[in-house]
């Protein structure tokens, strides 16, 4: 038994159990959360070279599961998010909270399916297996966002479908060209021929849709803004990140030698555009959840701003990039959960309706503010540590434009995130009504505190994320000797 | 002769796809989509991929076609006439240029790759150890059993997602409200189903059984059974159970559960996850395939028929 | 020689992918877009099959990938169809999103 | 011998093309359904001929499955939702033309 298998098999088992138990299935989360957390911790403490093929079938036929640094930090981050979001959902989707029971029941199997798919995706090195994992996560994401707005979910579904097909097209080309779909084998044999470049281009295009990089982000704001809070939290924390992790694996591992500076620079430029566009849109939103959703568009931009930095000098930027991804996972999950609670108490969906909320629900608003600190990149927080590492790398490389984007993005985040907080703390006579469930704020607060605490463990995190990183194995990335 | 056959077949595939994609009427589009699926099945036969041909004929043309036709009928009844909103000429021209460039590049790239069988030499020596002869079954159930396991959960997840769309009120309804209009044709349908059902059952069992050595297997068998279930449901002979009924839950879960349990048992007995103990390979593979066939049949049938539809004019029908 | 080795089918697959992609871009009704996505998928599979063809037969690995892909495609198409129908039936308005539901007064 | 079977497969394929033409021209929906059914039948014929030409028994199984499932699509085509209003179409005529 190895956590590499169990991290996928366990949530699948819980999915079946949730289906079998029907209405009572929601209590399973009380078992699933601690169990999955311990599996994720077990994964973190595995020996550095932890990897094995499923069923003992060797490559190129079989599927290799590998617990490298990226897998470890993302699985752990996803476990933290999902465990806490799941506990929150126990409250959100309880029969007492109202809402149609069909939807309440549909949540749990899809939740476990998403968890299993995300772990499967983080842990595998097989591109076709990644396709299946991607479909598990997208399908669950569509199902969960359909619990909110069907229109937004349908739009997301169609986007995601085309993204998957583009990715699959690339996988087909690679298999036909190399006779393998395993990243570790491709890393050894890949050449810059037409088929490989075409495959890389279409796969990247498809995955950019999945990770909602500007200008392919169109599906994200409506889907995230309309979904129930736990679903939005999962969508922002997990769904978007899986596409990003696959892109990391493609660009820095499988085709590291082909990652031409121009192409990487293009991704960086799109990332910078996403930061600016997302921030401006977030400033213009009147509704709270729409603001938080556009903030995701901006934050995803940072991940791609890091691409050229990693390609030029991996060691510093790599930890900044991964740390930023995980800090965003935690902070954004916290923020969506907190926003969901705040909107339940507020008289409307607009930011202006939050007046006086800090008085009514201080813990929830604190959670929101703490998450905002990490998203803005203020010290001491995971977001700060990540941005500091990226900024350091950018200045080191003389990439002043990216440095300016990093700083400016933080500033704009401060502007748009300060607005709801200021409103919540203002005014003594808001029309907000206190929630009857005081414990509901525990999950967002815990997530936000994790995002803050991540800032204190920057070095340990960087060491963890560097386990088995492609650049640490002597091979240079991006043609740099 | 064979080359001429291939070319004619490909031209027909392209023509049917073109019509299915661009014809004005939605039902005509779906009719051509079904013909397209049939021709694709032939293409897989011509390629020598009989396993895929079976899956394509049963799943691609059969189940997908039914799901789309029923969706269109329901949309018509809801007043959506599937009208084609014309996108502006400029955007059409832009898309056309983009897609033309993409197609030319893709076709060019495809021509740089020499066709060839890449992995059957790797697969073949491993098959005797499994005790099976159909290499595709070997890949699906052993070498890449992990993919297959996850995929069965995708099917299950799609079903859950589709059903969680239904409001509580119509959740009590059985999953079909589609019947034949004409009582005479209904009698024909019933009689036909009584003939079809046992034949489908036998063929499905046969496909699983030969699947370890000849083309066939759980997916193909499941799809055949699903097709029979769909015909029976539409003919009013069978009423599919609701998703939350015990029968549906058992049928849907037996496959994934068996697969997962055998996979975990392999790990618990000291091997790897999804590794089969020596000597039991074929027994376990066939067991998994039968269980999977049941779940796939139930899953595909429920997906094709769709979740219960609260029809706005149900009330009028009751009043009649 | 172009015709001999499965290139015919692979190129057909490439053209199908392009056609489907175009249709997806210019057709606005979700059912037609679903149809287009299915054609793209079929094109990708046909490429995989055509390039896996040899005089001795078809690549079993590619065949297995295609079968997995077909099953995923049908699951997603059926879900998409169900979503389109449900959307037409309720106009996206009949039930307030759960997240925004307010607690009792 | 295999060449002869190939020729047969080719001829059936050509007849399928004719059926497709009919399906395209219509003009009524019944024409279209029947033409698509004819394509399905043609597929069975081609599968059998190919199986004979290549001497592969599995293709006969494919033909068998195709025969079995030929009715699935048509039985969906002639279905109307229960209690459906017939304002959109004449009773008992599936509306393929729109």
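In this document, chain identifiers A, B, C and D correspond to the written order of the chains, with residue numbering beginning at 1 in each.
Criterion: contacts are C-beta pairs under 8 Å (C-beta built on N, C-alpha and C of every residue); 3 or more make two chains touch, one makes a residue touch a chain.
Small disclaimer: the values here were computed from a predicted structure and weren't measured.
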item: B-D or A-C, whichever has more C-beta pairs in contact; value: B-D
item: Chain B-chain D separation of Cα centroids, rounded to whole Å; value: 18
item: Whole-Å separation of chain centres (CA-atom averages), chain A against chain C; value: 25
item: Computed distance of Cα centres, chain D from chain C, in Å; value: 22
item: Rounded Å distance between chain B and chain C, as computed from the means of their C-alpha atoms; value: 12
item: Shared-contact residues (touching 2 or more other chains) in chain A; value: 61, 100, 103, 128, 132, 135, 139, 142-143, 146-147, 150, 169, 173, 175-176
item: In chain B, residues with contacts to at least two other chains; value: 26, 46, 48, 70, 74, 82, 106, 109-110, 113, 115, 118-119, 123, 139, 144, 147, 151, 154, 157-158, 161, 165-167, 309
item: Pairwise chain contacts under the document criterion; value: A-B, A-C, B-C, B-D
item: Chain A partner contacts - residues on chain C that touch it in the complex; value: 10, 17, 21, 24, 30, 33-34, 37, 40-41, 44-45, 47-48, 51-52, 61-62, 65, 68-69, 72, 75-76, 79-80, 83-84, 86-87, 90, 92, 95, 97-103, 105
item: Chain B residues within the chain C interface of the complex; value: 3, 6-7, 10, 13-14, 17-18, 20-22, 26, 29-30, 33, 36-37, 40, 43-44, 46-49, 51-52, 55-56, 59-60, 63-64, 67-68, 70-72, 74-75, 78-80, 82-85, 87, 91-92, 95-96, 98-100, 102-103, 106-107, 109-111, 113-120, 123, 135-136, 138-140, 144, 147-148, 151, 154-155, 157-159, 161-162, 165-167, 217, 219, 296, 299-300, 303-304, 306-307, 309-310, 312
item: Interface residues, chain A side, partner chain C - complex; value: 61, 92-93, 97-100, 103-104, 128, 131-132, 135, 139, 142-143, 146-151, 153-154, 157-158, 161-162, 165, 168-169, 172-173, 175-176, 226-229, 231-232, 289, 340, 343-345, 349, 433, 435-436
item: Chain D residues within the chain B interface of the complex; value: 3, 6-7, 9-10, 13-14, 16-17, 20, 23-24, 26, 29, 32-33, 35-36, 39-40, 43, 46-47, 50-51, 54, 56-59, 61-62, 64-66, 68-69, 71-73, 75-85, 88-89, 91-92, 94-98
item: Touching residues (chain side chain A, partner chain B) in the complex; value: 1-2, 5-6, 8-9, 12-13, 15-16, 19-20, 22, 52-57, 60-63, 100-103, 105-107, 109-110, 113, 116-117, 120, 128-129, 132-133, 135-136, 139-140, 142-143, 146-147, 150, 169, 173, 175-177, 179, 193-195, 198
